[in-house]
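As written, the chain order gives the labels A, B and C, with residue 1 at the start of each chain.
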Amino acid sequence: MGRGGWVRAALSSRSFMFGLILSLLFLGAALLSFFWTPFDVARLTISERLQLPSAMHWFGTDHFGRDIFSMIMVGARTSIAVALVAVGIGMVMGVPLGLAAAARAGRLLDEIIMRGNDLVFAFPALLIAIMITAVFGASAVNAIIAIGIFNIPVFARLTRGAALSLWKRDYVMSARVAGKGAARISAEHILPNIANLLIVQGTIQFSLGILAEAGLSYVGLGAQPPTPSWGRMLADAQTLISLAPHIAIFPGLAIVFTVLGLNLMGDGLRDLFDPRLRRARA
Amino acid sequence: MKHFTIKTAFAGVAVLALSAGLAQAAQTDITVGMQLEPPHLDPTSAAAGAIDSVTYANIFEGLTRFTSTGAIVPGLAESWDISDDGLTYTFHLHDGVKFHDGTDMNADDVKFTLDRARAEDSANAQKALFAAIAEVNVIDPLTVEVKLSEPNGNMLFNLAWGDAVIVAPESIDTIKTNPVGTGPFKFSNWVQGDKIEITRNPDYWGTPAKLEKATFKFISDPTAAFASVMAEDVDVFTGFPAPENLPQFEADPRFQVLVGSTEGETILSTNNKMPPFDNVKVREALAHAINRQEIIDGAMFGYGTPIGTHFAPHHPAYVDLTALSTHDPELSRKLLAEAGFPDGFTTTLKLPPPSYARRGGEIIAAQLAAVGIKTEITNVEWAQWLEQVFRGKDYGLTIVSHTEPLDIGIYAQPDYYFQYDNPAFQALMEELNATTDPTKRAAMLGAAQATISKDYVNGYLFQLAALTVANAKVVGLWENAPTQATDLTAVYWED
Amino acid sequence: MLRYTLKRLLSLALSLIVASVVIFVAIEVVPGDPASYMLGINAQPDTVAALREELGLNVGPFQRYVNWITGLVRGDFGTSYTYRTEVADMIGERLWISLPLALFALTMSTLIAFPAGILAATKRGSAWDVAVMGVTQLGVAIPNFWFAMLIVLVFAINLRWFSAGGFPGWDQGLAVGLKALLLPAISLALPQASILARVMRSALLDTLDEDFIRTARAKGLTRRQVLRRHALRNAMIPVLTIIGLQFSFLLAGAIIIENVFFLPGLGRLVFQSISQRDLIVVESVVMLLVFAVVVVNFAVDLAYAAVDPRLRSRG
């Protein structure tokens, strides 16, 4: 498929476009918050707390009188940063492991990597995340590490599976005959051909990372105050929910729409990259 | 599950039958919600206030006891004589007091309790309360003589603490899971992580309790606490953790809200040995940067009394020193500049779990930022707080409520976590301990309050309010919290 | 097959040993001393030392590890530092909430997901399909704790149909217990059902595309017969795998939901124990959960290998 066809296909996929727009919206809000927010999120005005949405405060104010709209903009930054780095960790560590396992399929190295994967999978993820933050203290960095660790086996397994089938292809065979080493083949022939898959999985892990970050901050193990974060906004809102439901509703909706956007985009990408699937689902 | 046996099934049937039979009569059981679950039930070997919240005055009693106003009245000792030199206390015990296991409570038990508490290997969390005791002698089964090594004006007060309740040597080995006391209620069941049940002691020596049964339910989450009261799953919630919800309860005729005083001085504890806080000018600047009313409004939704020193405002000897630390950012910046920090500095602020600390901390951080002091906030669990802040002294600032009654004496311990070392103050405290005359004591307490306030040892914020939400028909609850207790002795349901 | 089983058993044992070491080391470095926590802020150093001795915290880490493991093997999980009761009993007690909750949520999610997934797959492209795909897309995106907050607000605080949380105990009757678990189970089931419905749909679509289905259709079987006799059975493999994964997630991952509804389950036990520095409880619960997951994986692998001999060579 040519480049033009690809773009046309993308433009014609409604759910992909919807996802893309939602994702860009939050990314844009996060970037914009570096330069401008309607109100300063560091300033507390107790006398103006718990105001309902109005022309001045679009989403109302929280229990400290901070503007919730501004908080959500800055909170997007935290969520995106944590999830993005966590996906990065998963890819940087997981993809080479998966490539190595595929190159040495059936041998000891493969066995060790795959068993290691199973082991990480066997740990109840949330419990371990809580343990990590309990051991090293609660912070955004530790949340990243905790989420990142569980991304490693996801990418390793995906990479190994996809790479295994590629190793049987003719052009890889001929590269081997030409005397190229396993590392070089992996880098030159395997990796470019599984990049699509990795991008799709990356999008999905990214959205899972945002959910995980929200969960960890909700239990107080993510970014620390005064850094705004969606999960902590929800935790703060909890006792006030019957008094001022809006302070629980907007951060929750922010999470839902971001995750929804990323998921739609991920699904859309998969369909675009894999025309067979697209046909099947059309 | 091992515990889910035929016995439990029978118990369930029995409870059903009972509740059917009693449907028309006034309610005689109560469910009390509280935030913290006790780690075990021995008040004499742990500091956890939650233990006292369940056991004090209900299961265990001491020689003397606190009333709801904080006054000291006779408990298991019906009277006492104090020798003229203040060194010998002779306690006369009530006759006919029995432990829940049927054994007699007598002078031997008192001697055992006090000797155990002050022993070398004692696990008592308030060992210092008993430090003045030199020996305990049994005169006869109903008379105990306590000899002090030096006069101590606080002795009767000290013996009223939950850490000084009378325990029996026969039941001490299992006290943590099966507490046996002399109180109007007996321990009956504990579902860990959920609830503790106590039932009326039919053989109580004093006025029997009006309730047949009480259940303490542990609900740590403030939202869950709110929801459980709203849904009437609990009849009473003591130490209600979400002050923001109180107006809703007040507006609802189903409930009553009790707002009383506690012994909890909530302070911005400052590491007095850590630069730049070793400079009194910096500490003074800190004090003027703080806006107490904003903290009380923002963190406690208005519940709390501003304090200017480490002393409870409802105490007769209290001196209002809040004027020494008015909110004045201008002055604060000037003081910082004089101390050599015209651009402020950065320090750590470690916050334990209660909302006064977590929310108050965010507000204080914003207030300090306004004068140029940047804070790195770390939320810590209590265990980490004890390890890092209290024992390790690895902190700049922290917020904590000191809930022990009349605890200004901690400022005389130079190795206490805020590391305030003032020999003049230490001498004053020693003198105070040796003084029994009430007027002189009050004057000394006033001087002590002024000393720490003028030294700006800590940021003095507010006195924690005792917040209780209860069903409107429940009568006889304590409004104030002079000590950690949920005294159910006089509680009953109004028809 | 025997050789394969032995090999897998060996790696199972190895996994468990590595896991136990990781757990033990991670928890050993938790900053915080249980003894000083238990005694509180006015405790004196000699008192703390006495308690440390009593709790057996004074021997070296290796000895403590060996003590712990040998205990585990004998079914002795040790004694909780804070509650002073047998950890095995505590876990047993909590399992009576976590296990039914997980099963309840799983049942609910399956009951929702199966019809929804089948409907969407058989009526591909219809309004039904679009609706199922849209709702499940939303279900996956909603954080379960937020959903829990909202349904508590509506059904417990406003409508007062349900208690806002807590657990009255099974001795109050099955209906009372299930009612208490209903809102938490719904919160847990929502995202699970969404995932499962999507998996069900795509698995069915994949099999419906396969040649043998066409053959069966060509032989004159009705759509419904094909679905029941062939397609569903083949689609069950990925679906069951997901259900297996979800069960272990539900058992361990309910921790946040257990907190929202203050259910005294396994997840909350761990959270509580971490903040109380009750190391022995944290270690044992996490180890138990890891053990459960590893063993379930092992069983699933063996079952697959028995069905499909090709898998054995993968090793």
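The rule we apply is simple: contacts are C-beta pairs under 8 Å (C-beta built on N, C-alpha and C of every residue); 3 or more make two chains touch, one makes a residue touch a chain.
Bear in mind that the values here come from a model prediction, so they are computed numbers and not experimental data.
Put simply, the chain closest to the centre of the protein, by Cα centroids, is C. Contact tally for A-C versus A-B: the pair with more C-beta pairs in contact is A-C. Averaged Cα coordinates give chain B a centre that lies 39 Å from the centre of chain C.
Rounded to whole angstrom units, the spacing between the C-alpha centres of chain A and chain C is 22.
Centre-to-centre separation between chain A and chain B, using Cα means, comes to 45 Å.
Each of the following residues of chain A touches two or more other chains: 134, 137, 238, 241-242. Counting partners per residue, chain B has 221, 223, 226, 230, 381, 384 as the residues that reach two or more other chains.
Shared interface positions of chain C, defined as residues touching 2 or more other chains, are 31, 149, 157, 259, 274-275. Chain C meets chain A in the complex at residues 11, 14-15, 18-19, 26-27, 29-31, 124, 137-138, 140-143, 145-146, 149-150, 153, 157-158, 205, 209, 248-249, 251-253, 255-256, 259, 267, 270-271, 274-275, 282, 286, 289-290, 293-294, 297, 313-315.
Those residues of chain A lying in contact with chain B across their complex are 42-44, 46-47, 49, 63-64, 134, 137-138, 220, 224-226, 238-243.
Those residues of chain C that touch chain B in the shared complex are 31-34, 36-44, 46-47, 50-51, 82-85, 89-90, 92-96, 149, 152, 156-157, 160, 162-167, 169-173, 259-262, 264, 268-269, 272, 274-277.
Within the complex formed with chain C, the residues of chain A that make contact are 106, 111, 115, 118-119, 121-128, 130-132, 134-135, 137, 207, 211, 214-215, 218-219, 231, 234, 238, 241-242, 245, 248, 252, 255-257, 259-260, 263-264, 280-281.
Chain contact summary for the complex, chain B toward chain A: residues 221-223, 226, 230, 241-242, 244-245, 248, 294, 297-298, 358-359, 361-363, 365-366, 369, 377-381, 384.
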